[in-house]
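Please find one structure pasted underneath; my questions will follow.
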Amino acid sequence: MDAILLQLLNGLDKGSAYALIALGLTLIFGTLGVVNFAHGAIFMIGSFCAVTLSKIFALSHKAAEPSGKDFLGNPKYDDVLYITEWFGDDIGNWMIDWSVPLAILFAIPIMLFIGYVMERGLIKHFYKRPHADQILVTFGLAIVLQEVIKYFYGANPIPTSSPEALRGSFDFGVLIGFDPDVIIYPVWRLVYFTFSTLIIGAVFAFLQFTTFGMVVRAGMADRETVGLLGINIDKRFTIMFGIAAAVAGLAGVMYAPINSPNYHMGMDFLVLSFVVVVVGGMGSLPGAVLAGFLLGIVESFASMNEIKAIIPGIDQIIIYVVAIVILLTRPRGLMGRKGVMEE
Amino acid sequence: MGILEVKNVGKRFGGLQALSNVNLSVAENSVHAIIGPNGAGKSTLLNCLVGKLVPDTGSVMFDGQSVLGRKPYEINQMGISRVFQTPEIFGDLTVMENMLIPCFAKRDGAFQMNALSRVIAQGEVISKAEEMLVDMNMANKRHMIASSLSRGDKRRLEIGMCLSQQPRLLLLDEPTAGMARADTNNTIDLLKQISDERDITIAIIEHDMHVVFSLANRITVLAQGTPLVEDTPDNIKGHPKVKEAYLGETQAA
Amino acid sequence: MLGLDKKDTLMLLVVTALVVFAPILLNPFPAESSMAQFNAGYPDLMQRFVIFGILAIGFNILFGLTGYLSFGHAAFLGVGSYSAVWMMKLLTMNVIPAILLSVIVAGLFSVLIGYISLRRSGIYFSILTLAFAQMSFNLAYSVLTPITNGETGLQITLNDPRILDGANAPAYPNLFGAQMNEATTLFFGGWSFTFSVGYYLCGIIMLLSFYLSIRIFRSPFGMMLRAVKSNQQRMNYTGLNTKPYTLAAFVISGMYAGLAGGLLASMDPLAGAERMQWTASGEVVLMTILGGAGTLIGPILGAGFIKYFENIFSKINEATLEAWFAFLPAGLEDFVVAIIYPFVGKGWHLTLGLLFMLVVIFLPGGLVEGGQRVAKLFRRRDRQTTDAEPDTTRQGQIPPAE
Amino acid sequence: MSIFNPTRRGLIQTGVVAGAGLALPTYLRADSHAGFTNAPAGDTVTLGFNVPQTGPYADEGADELRAFELAVEHLNGEGDGGMMQTFSSKALEGNGIMGKKVAYVTGDTQTKSDAARASAKSMIEKDGAIMISGGSSSGVAVAVQSLCQETGVVFMAGLTHSNDTTGKDKKANGFRHFFNAYMSAAALAPVLKQLYGEDRSAYHLTADYTWGWTQQESIQAATEALGWSTINDVRTPLAATDFSSYIAPVLNSGADVLILNHYGGNMVNSLTNAVQFGLRDKQVNGKNFEIVVPLYSELMARGAGENITGIVGSQNWDWKLENEKGERYAGTNAFVKSFGEKYGFPPSQAAQTCYAQTLLYADAVARGGSFNPCSVGEALEGFEFDGLGNGPTLYRAGDHQCFKDVLVVRGKENPENEYDLVEIVEVTPADQVTYEVDHPMFAGGDLGQCNPGA
């Protein structure tokens, strides 16, 4: 029982990451009709926003006096952080400790801007082009983005830690009546889950309750008609692209402490996020979220030893098996609409 | 006994009863028009005939055989061809190639793995397609890419493609929708010519009364998913129920 | 000639000439010159050009004609390679049975996957094929290691049974004794040209495949496939069940991929699981689109383009650059090297990504369209274009001509 | 990038001269006179350095490449000579190899067997490379090694740790300086016993591919010999990035040691995840829960950040070795000095093994008096040497594996800088990690005959 509950937690946690990425992908697809292979790269850039902010906080100058010798035996000078000099040790160290959550504030404008530039500068010209062209150009963009990151940050993963207070694990089982030490779960992963749920909720609320969201939803359903009403839907869609980029970026920022960011993490997520979106049904936001959680949970359960003992290697392929089964039984995924991307 | 017999057909979409109790009999070699206001269920009925939709109740018999449960291509093989509201042609192919496809398709729809024969070597098929192009008055456009044709030409091409299969029943879904007056008249002439010269039954859904009254020799009026009246054009013109349900509406608009 | 019209015959002849003279054409720079870095006329790369050409030609029969975008084609390549290596392990080092088996096995595998995947269309089809290919890759890498030798890849070893080979049979893939790695080098001045048995075998097979693909393009079957891409609805209402057509196209292109896989294994007797990864499938897609989907020669160009970058640009290192620009004053040299360095060597992906974008943005019809534009410049517009070509190229739907 | 580098201009000149010399139309069968593939014709000899330049191991590949460049510099008599000063064999004179200047070409393995072979083939076929070295994974090493065997050039393996490289897939033309999974296990076992006692239950997470399996098999055998019990061995997909669902069951499995048979990105993520789940702070069976990572990679360990604190693992070499363990490991400081001065940071173990391999190859050519792979092989087989940073070392004839001391290291509590990640706990002497050529974990292969090619 405790094992199942643990895997359920894992599944929800993984699923929340999948859902967040898929949500952004679906927003772009549903509103703009563009298949965006660069979406994984945007997620990756989000993670690197966290890395960058902690690097900025760690900017330093050399101390005047040497404190020892370096590995070649030359005099070594200690680094003095600007941030502690400017804000004092307490605030400075607090900022360094909390750099990942602070990176959210840092990332939002950056991601909105990247999304805006991408849409206006590139994607805009591809609305009328075949999906194959969109795939090629966004894939090219994804490669360029990750290579640029690699150029500046190298290929190695870069450790990025969560704030001290949110590190370590938390005895989740005690809360729900288990013995102590049975269901222990990392605090940051619970934070991630909560954060994702909030963002997903916020996106849905935004689309549901604002005029802007209403227009966008109407546009997703029938772009031409909304255009006929004299509403400048294109401009709204540009903003939507920015929002989608911000959602993926925030997913990336918060993911940084879970797994150290590296330049190709976007590609690792790319295939998976497409599977999630398609299983959810092209163009369906609830479908994307549902499929994200579903696949996350299924993947977690498949990696249980009891199940691997019955079917060896099932955890390697479970996502694809589920995808195939769903697509064969439900032609348009879980909640897809008819006629979308079926040509 | 008509070539097409529709009995008690009903179709429901969620809370909307799109069709109920539709009975229709199309006589062989006639031109039968189905008219009705928007939302009367004309298109739904048509989709039930060609296998795109399956009705919830009732039966559809073509030449004594049920079409229900068959796939669109199987129904086509029985001898029913359909012309769409917006012309459905092979936009990326040339006019000639468009015409060749139905000529190549065997009446029984059998799959042909003729990957090593050459299109240009199929003399018989080509001359058949060529003939039809001439009949459709499009021979001079044979090398054009179909998507670049005018609306009227696309329509002619589509009709030609359907005819080259020598169907027994030709279904037309608002064939003149969105056309200029001249194109509309051309289309009317073409259809007249077809029904006169060929051994074919035509069922037509149409909004444009001008088209209906120039072509049809029998008219069914559909309203709110049920047939209101079925009669000759002359009788329909003066029918009070029709005026109320349909003509009155268009006059007001 | 050969049942082709004049234009197609000319194209086939040009491609034949290119294949025959590739060892010379691809080595335009003297072997010792600093530009020799750009020479591509060595057996391995030439073999890859034509083998991936075959793969792309086959992929184009599916994608270019029917519009079905398979994201799992690498699975057939991998299956073909594994079958070929197994044939060479168990029966004989002669490549003919190996290649035949790889085509057959890939064909059967594609019937299975095609039959299931073609129940859906559009992106749903793409994801189904992707899922099957990724499953194959993951399993080949881990659980199926007894069959695939996992991470390392399946190799031939000295103690394989090879029951048909006698004691004196060559221990390397061969064609009735002619080993695939045999080569003759011709030195001419500073130039050297290598002619290898393996390359010419691949070249001949590629020409046959290319010829076959022209015939398919020009056949009623090919026309039906294009009709499927253009309008499935109309196909259905013309009494045609599209599934046998798409399945046939899928299987043909799967067999092409199997052939490519078998050839890869015959040239270099190793079958690695990475051949089946989604990135490998994506590479085929990119080759085809980059060259010009739906055109005959485009996929071959695309394949050559990508393989050239992968093998030539990745090998340029800082020392090479310094050697090239050594004629510049020292400060300027360092500056130039610093500018170029991020785009070559370990940065070759960056260049490739940028080129993808540039080609799609400026040449929507792929490299073939680039060629057409250049040709147009030379033609001086003395003949008027008769059909609606500009209109169609703008939409990226090139009629299958060149 | 030194500005005044006379050699590279010299290279061009030689190129021009050689070109002029060949300007007569000649026709000849390839390589038929020399008797072996790519016999160096002019006054240069070309080596091929095949390292991952794209993909997750690109940084490790870059470090290998730095070492290769340094080695070439030293062979050509430039720079301070590095480990050539301390190397026990004095056959190298700093005038290239046998008077021929060393040139090199580089390629990208992409950490894929296929791509690595393509790249190696282009070096052999196009650039005339006579030796291939480098690489950062065992799959690649085995694939390239068999290619070199077929084409008749020497393969000096870079970082490859699977038993198979010099076990079931060993080849006469291939040589490995790096240690292997068995040696890691053998070196770790006594230290684990000393640190954690004899009564432990281990839970293995193993990367689901060949290297992972040999690593797991080796460490399980070694720990069970100590009296440890093995609770479970769970295979994890190579492509996994989030290991939470594999880590979670460890908590309640009754195990008190987690062994992560992972490398590279897998290792960074699984270790990070394990620490997140609080395994380090747990007490099981009255003992502190411990995590072991049998194969350490400094570059990747950097990616795991402070999570590696206190985690025990093994290494082939470390740049602090001579400082901490004395003169036995001479060469280390010389190498670190020339590497550090050129690049500004200390070298990784991958760099050291690549540097050593290049020197060993050059030395074997010089001692054997020929570039013929068979002569090189003969010179390397059974060769005993010292002064390359690992202490006295034997290149065993039976399987072409180097036998030398193995380091057991532990993630440092308070690293002084970003390169000072581990402390050396113990150096297990070579004889404790030596095994028989026909040891079951290495059985099934055959070196075969050396192949000189054409």
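Think of it as A, B, C and D in the order they're written, each chain with its own count starting at 1.
FYI, a contact is a pair of C-beta atoms (placed from the backbone, for glycine too) under 8 Å apart; a residue touches a chain by one contact, two chains touch by 3 or more.
Just so you know, these numbers come straight off a predicted model, no measurement behind them.
Chain-level centrality, scored on Cα centres against the all-protein Cα centre, points to C. Once the centre of each chain is set as its mean CA position, chain B and chain D turn out to be 74 Å apart.
If you average the CA atoms of chain A and of chain C, the two centres end up 34 Å from each other. Distance between chain A and chain B, defined via averaged C-alpha coordinates, is recorded as 51 Å. Of all residues in chain B, none touches two or more other chains. Shared contact sites, meaning residues of chain C that touch two or more other chains, fall at 138, 142-143, 349, 397. Within chain A, residues 312-313, 316 each touch two or more of the remaining chains.
Here the touching chains pair up as A-C, A-D, B-C, C-D.
Against chain B, in their complex, chain C makes its touches with residues 3, 5, 215-216, 218-224, 226-227, 229-231, 233-241, 244-245, 248, 252, 386-388, 391-392, 397, 399.
For chain D in complex with chain C, the touching residues are 1, 3-5, 8-9, 11-12, 15-16, 18-20, 22-30, 53-54, 58, 61-62, 65, 69, 104-108, 112-115, 117-119, 121-123, 125-126, 137-139, 142-143, 146-147, 150-151, 164, 169, 208-211, 235, 237-239, 446, 448. Note for the complex: chain D touches chain A at residues 55-59, 62, 208, 232, 234-237, 239, 241-242, 244-246, 248-249, 251-252, 265, 268-269, 272-273, 276-278, 281-282, 299-300, 302-307, 319-320, 336-337, 340-341, 345-346, 416-417, 419-420. By the touch criterion given at the top, residues 35, 122, 125, 128-133, 135-137, 139-144, 146-148, 151, 267, 271, 274-275, 278-279, 282, 312-313, 316-317, 319-321, 323-324, 327-328, 331-333, 341-343 of chain A touch chain C in their complex. The touching residues of chain C, when paired with chain A in their complex, are 63, 67, 69, 116, 119-124, 127-128, 130-132, 134-135, 138-139, 142-143, 232, 278-279, 282, 285-286, 289-290, 293, 342, 347, 349-350, 352-357, 359-361, 364, 395-397.
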